[in-house]
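Below are two complexes that have chain A in common, paired first with chain B and then with chain C.
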Partner chain A sequence: MKNALMAGALGLLMPALSAAGEYNITVDRVMIDTGDFVKEGIGYNGASPGPVLRFKEGETVTINVTNNLDEPTSIHWHGLILPFEQDGVPGISFDGIKPGETFTYEFPIVQSGTYWFHSHSGFQEPNGAYGAIVIEPEGREPFRYDREYVVQLTDKHPHDGNRVMRNLKMMPDYYNRQQQTVGDFFADISKHGFVTTLQDRLAWGDMRMMKADVEDVQGFTGLINGKGPEQNWTGLFEPGERIRLRFINSSAMAYFDIRIPGLEMTVVQADGNNVQPVTVDEFRIGVAETYDVIVRPKTAEAYTIFAESMGRSGYARATLAPEEGMQGPVPELREAPLLTMADMGGMHGMADGDMATRDGAEDMDHGNMSQGSMEQASMNGSSGMAADAGTSMAGMDHSGMDHGAMIMAEGGASDPFYAEGSGLVPVAANGGKFLSYSDLRAQKPLYEEREPTREIELRLTGNMERYTWSIDGVKYEDAEPLKLQYGERVRFKFVNETMMTHPMHLHGMWSILDVGAGEWNPVKHTVSVQPGTTVYMETEVDAPGQWAFHCHLSYHAASGMFRKVVVEGGPDQGNTAGVEVANDGGDA
Partner chain B sequence: MRTLTLSALALALTLPSLPVLGSDMPQDQSGRKDALSLWGVQFEELEYRYSDDDEELGVWNGDAFYGTDELKFRWLTKGEYAIEEEAYEKLENQLLLQTPVSSFFDAKAGVRFDTPEGPDRTYGVLGLTGLAPHWFEVDASLYVSDEGDTSAEFDAEYELLFTNHLILSAALDATVAFSEDREIGVGKGLVSTETGLRLSYDLVDRSFSPYLGVVHERKYGDTADFAEAEGGGTEDWFAVIGARVSF
Partner chain C sequence: MNASKNFVAAAAMSLTATAFAAGGHGGGHGNGIGEPGKAGDVSRTIQVEMHDNYYEPETIEVARGETVRFVIENKGRLVHEFNLGTPEMHEAHQDEMKMMVEHGVIQGGTLNRKLMEMDMGNGHSMKHDDPNSVLLEPGEKKEIVWTFNTKANMEFACNIPGHYQSGMYGDVNFDSAADSQASAD
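Right after this comes the complex of A and B.
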């Protein structure tokens, strides 16, 4: 009798429990059909990408992850603030999920917005193990929309991740099919003259660097929500509706430049956090970043979502249309960018006499981010950027080159988050507004503004010819953990000394990107650092435990651009300092 | 070390539900903490040669490696098989350890075994290999044979991209002997050069690239005299057809 009552009560409770967020995910071998090729990969619940997980702010979610692979797996909840044991990084948060095992994640949802999840084991993520997370906020959002779509991008490669890694190590230019040719040499001669062209080639050859080295891994098919350009994922709308597009870049390596010809996009969220709305024609999304934009198509026509990779070696395409089957025009890929000497600005030995200091640098209030130039500004607190930039410009010891000795990028577009004279500065296809990091302002500061307690400089380092990537010249395998104290606010200074762009991702704690807006600096989880630049971010160290911190380019992380961050102290932890030091005998 | 790791893993397995305390914050024992060990196989040359005096040769020049950024084990293999004579004119294998000494160069050391038709030789090898400024791939080796003779070999290769798939590669290989080894027909001084021009097309990624080319081989000084004394030639032109292969 009593038992029956109990069962009844349980039965009543059950639906409530599952509404409070119980999810089951299986990790499976799947076939991925991009339209260009079919490749075996890894997916969730039988598909790649996996399901869109819809959480509610304030609930506690329970996620049962069953590993149906014959190798260990893991799921990392990218951008979610949670206890470190739930963060899903094998070797740092937990032991991983063995074949056949079910691991139950359980954590409270303390935020809202667009995020994603992916495997943190081996190359399972480039092989297809990723999905989207949408968290509904507790309160009202500061913008309105009538419908929403997740637009999740990836750069699906016909080669398995292990093979890509091996090929890159064997021949770093294995996948680079944009190298300069004999034809380019003669084209440059007719454009710039023989001497300039020769000097240009000699300068690059002397460094053993390629200016066409923008994308290491080419030959991929860009996918949107798992669909290749020909398969054309389509989102439906009624004219006049506001559509929220939740862009997520789940690529292994590719940055995408995204536009919807005919529509302006209002960016309302970056990395899950609301930003003050900014209307753009195009934006660049780094690997692992998310941007939410609102578009409002007024006419009943098909609009193409066109996402060109930063190096223009591939693209993804999807359609917004009033009816299934409609198509808009698909633009041509624009010309591939070339790096300039400015992008090499961070490399050692580059600051030699050949390079004239750029005179009369226009836009003094933004041309700061360059290596060297911000040294003096660095300790002046987060609001000092714009003010200091003017004086520090004089100290720039790189770029320049505009005295005719070298071939420079054309157009002269600039963005404070790119080296002055960089060949990578994006330009909107329609000549309009291209989003810059410097346009991002937090909608509402997440933390009270305060002075950082200390600054940690991290040099992003590597050797393209050996395909080794590291932080401060040290690969993960040889590195001591980076130690932070609970309660401090750390100012990170990223100095990119390589020729590649690195999307740096700190797990477990927010990355407050310094755009010079003080308390309105945007709050992100992934911060892109362009070649030859220095970027600052601040982190409130409010999450005890240990966390991963790495470049989110899969093959950079795997070859060493990775660190473990240990947060010492904290409410639940006690002080771990002594133990860690005893364990690895390292620096305190 | 291995057993330590294993027992740590076993411990972790048996105590999965214990709360993680600051005092037992685990160290990263995952594969990520290990140096990346990789392998690769490449044949720069895998070709059929036809000489201006109707000699036919099967020729290869390849290597396989296994190891980390810091230390690689490399097997180099080179051979020239005379098809009519059914004999190896050249058969050379090197077993080497290779480690970086600068941003662009590796040092290598090991043993070389020459086992062609005729007398064999074993050499100790010391060398440098890497990428010189302006994209010249260079390789220099110093050999000391079991007969006490020393020699040096220098290799350089340059690639000219007509397109990103159609590539002309120029290769030069020169050998110098510091003492004579009459038995294997090597005289003191510049011994021989081999110059090749190969026009290849990357058909399947960079793993299969068929090519056509010309190769010029020449012997010099005493080495040339020794060859002539034995009724051999001192200079050969070859038309070659083959493929660059890597996997």
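Right after this comes the complex of A and C.
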């Protein structure tokens, strides 16, 4: 209760602070109390998460960052469009901030919306070094609300980030508590038969992956605005009000499925850019993404904001209520999803075409055959033919089912941004609408639509056995920078050849996610690529300098799924050429 | 006025007619929100602009008994609705608008008018031709003449999925001074 009041007081102080245009941030050792454990970590201005920075579009901000740690630090302004020297990535944008030093950032605010900031040094971000940014637009918002709250999530782990990384390197399944057991093996045999089960297990063994590899760092406590489930961060409302919730996923590793039982949520913004409003019952927020939703509770009761991690190994919980101390029911965690063969569709040596799911194969065969049987029946005028066709239809199904006989997800849920038959396809807890990337449309196109000037394919790769993650099989230390030309429009093709979801984040320039809507494609800063899928995004290369481009899962970025991008040419070419920074990047 | 044909031609069979009628549950007589007005009774004109996704203005003042001509222009890049009704009527109408989107009648910035005429079975169509509303493509301009003969809890709203929820509505305030004058007449 006291915590929630303090959080509220902090929120009230922030607007006063922003009037100055100048901000002071200290980077400090702090204690983080999740309710489950207390752990030393890193925070800003004496707390984790740090303050909510409130900027105004059009202003120029000056931010003095003082490093009170005994190690170098940095702050990256996630999603902000700014000169690359201000982007805060040690080894790419600048040299970092040494212990005891103050670094002054200064940049114009050229956008509006919900963003966040975090350290880009070592594992300071998973250790607590993150905060929120709210930018008020110059004009009016294209929507209305009576009050707003930042809802910033993280997956706070009791282990220090360096220790987590060491453990993962030593034993990639160190934190995987949902491995399948011998008991599961026998249960699958009775359900699917011995040979199928054995084949299934052998196939997974070949890939050095496990079906339960949805989350490779489990054992965390989900926090909302720094509060654990028991500490229950609470946002107040008057019945009938429209409330804007600014969801930010600042997790190191965890995706969250978010719902507020009893309330529909109208999504109005994704990654700081307004989208055409879409009303949903639940949505999945990738690591580093933001979604703004508007909810309208009409009755004076407590509503639970429930955020289950994608792998169901943990959850965050908060409350919207007319007064402090009220609580709504807290749902049970749903069953953990298991990856299916479809999720390894992109793996090496697995032909994509072979990966038809059980459902997919059936649908296809039924479709073809019923058409065939219709023609035959009408041609011959014989009712007997239809029955024959029916028999052969069943036969066809079997032949098409060889691969489908691998143990597959059997639900009917589908989403074009997941492999067909994927075990990860999200389903709304109440059976209603679950947001898909394919629902996102820009509210107002940011760029004029044009053909991309070239396509760059990036394979997202990794070896789970050694916990190495890479792009095109090459990890950051061994890779040449990716060179882009100022003024071009690049179409990136992400091919996920791993069995994990990777939230890809390009610094400095927008990621226009291809959802097939042309000029209405949504504009993002972080694009999730699901296992076994290929996702396209386009980037207008309009920011000279050098930038980071990486998977935002902290331990994936740190183990090599990271690239430096160099934008050649452009108005500030002289500047770019002159930059000499130590190459100690690779920090998420 | 050419545009006035739009509401005069209101078809009883239209699917959205149910939304118009839905107000009847709350109001004592009729739907309780007034009725289509006669051009000759118009005492003033109110211009309403549609933007993506909000109106200008967001509040209008009317007096009971007054007949107002609304000139509504879509200055946005998306299809928008202007619908006069109670919050309950809007809520009922939102399911129908959702259906129009799901059937491809409304696609972002375009309206498929051919599809709107299509027979959906049972004589229903997705015509959207109630006298209390207009549905406009970007750049379109239409009129509604409305007589506010009853004081009611009314909003003008765009019931395209997500638009109302994110705040595309405006308040219809009954001017109490003018209202008491009107009732004294």
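Convention: the second predicted complex is superposed on the first by the 495 of 588 C-alpha atoms of A that agree within 3 Å, B and C clash if a C-alpha of one lies under 4 Å from a C-alpha of the other, contacts with A are read in each partner's own complex, and residues count from 1 in each chain.
What we mean here is this: a contact is a pair of C-beta atoms (placed from the backbone, for glycine too) under 8 Å apart; a residue touches a chain by one contact, two chains touch by 3 or more.
Nothing here was measured: the structure is a model prediction, and the numbers come from that model.
Q: Return fit or clash for chain B versus chain C, each positioned on chain A through the superposition.
A: Superposition check on chain A shows chain B and chain C fit without a clash.
Q: If we overlay the two complexes on their shared chain A, which of chain B and chain C does A:Arg242 touch? Say first, second, both or neither.
A: second
Q: Which partner, chain B or chain C, is in contact with more residues of chain A?
A: Counting contacted residues of chain A, the larger count belongs to B.
Q: Please indicate which partner A:Ala558 is in contact with in the superposed arrangement: first for chain B, second for chain C, both, or neither.
A: first
Q: For A:Ile92, using the defined touch cut-off, is the partner it touches chain B, chain C, both, or neither? Pick first, second, both or neither.
A: In the superposed model, A:Ile92 contacts chain B only, not chain C.
Q: Once the shared chain is lined up, is A:Met170 touching chain B (first), chain C (second), both, or neither of them?
A: In the superposed model, A:Met170 contacts chain B only, not chain C.
Q: Under the stated touch criterion, which partner chain does A:Pro142 make contact with: chain B (first), chain C (second), both, or neither?
A: second
Q: Which holds for A:Thr279: it touches chain B only (first), chain C only (second), both, or neither?
A: Only chain C is touched by A:Thr279; chain B is not.
Q: Please state the minimum Cα-Cα separation between chain B and chain C in the superposed model, rounded to the nearest whole Å.
A: 40
Q: Overlap the chain B and chain C contact sets on chain A and report the shared residues.
A: none
Q: What residues of chain C sit close enough to touch chain A in their complex?
A: Within the complex, chain C touches chain A at residues 51-54, 58, 77-78, 108, 161-163, 165-168.
Q: Given the complex with chain C, which residues does chain A contribute to the contact?
A: 140, 142-145, 242, 264, 266, 268, 276-279, 294, 296, 441, 443-444, 517, 520
Q: Mind pulling up the chain B residues that touch chain A in the complex?
A: Touching chain A: residues 9, 12-13, 16, 20-36, 38-40, 42, 69, 100, 103-104, 131, 133-135, 160-165, 205-206, 246 of chain B.
Q: If we count contacts the way the header does, which residues on chain A are in touch with chain B in the complex?
A: Listed in rising order, the residues are 84-85, 90-92, 95-96, 122, 165-167, 169-171, 174, 177-183, 202, 205-208, 219, 463, 465-466, 468, 475-477, 544-546, 558-560, 562, 564, 566, 568, 570, 572-576, 579-580, 583-584.
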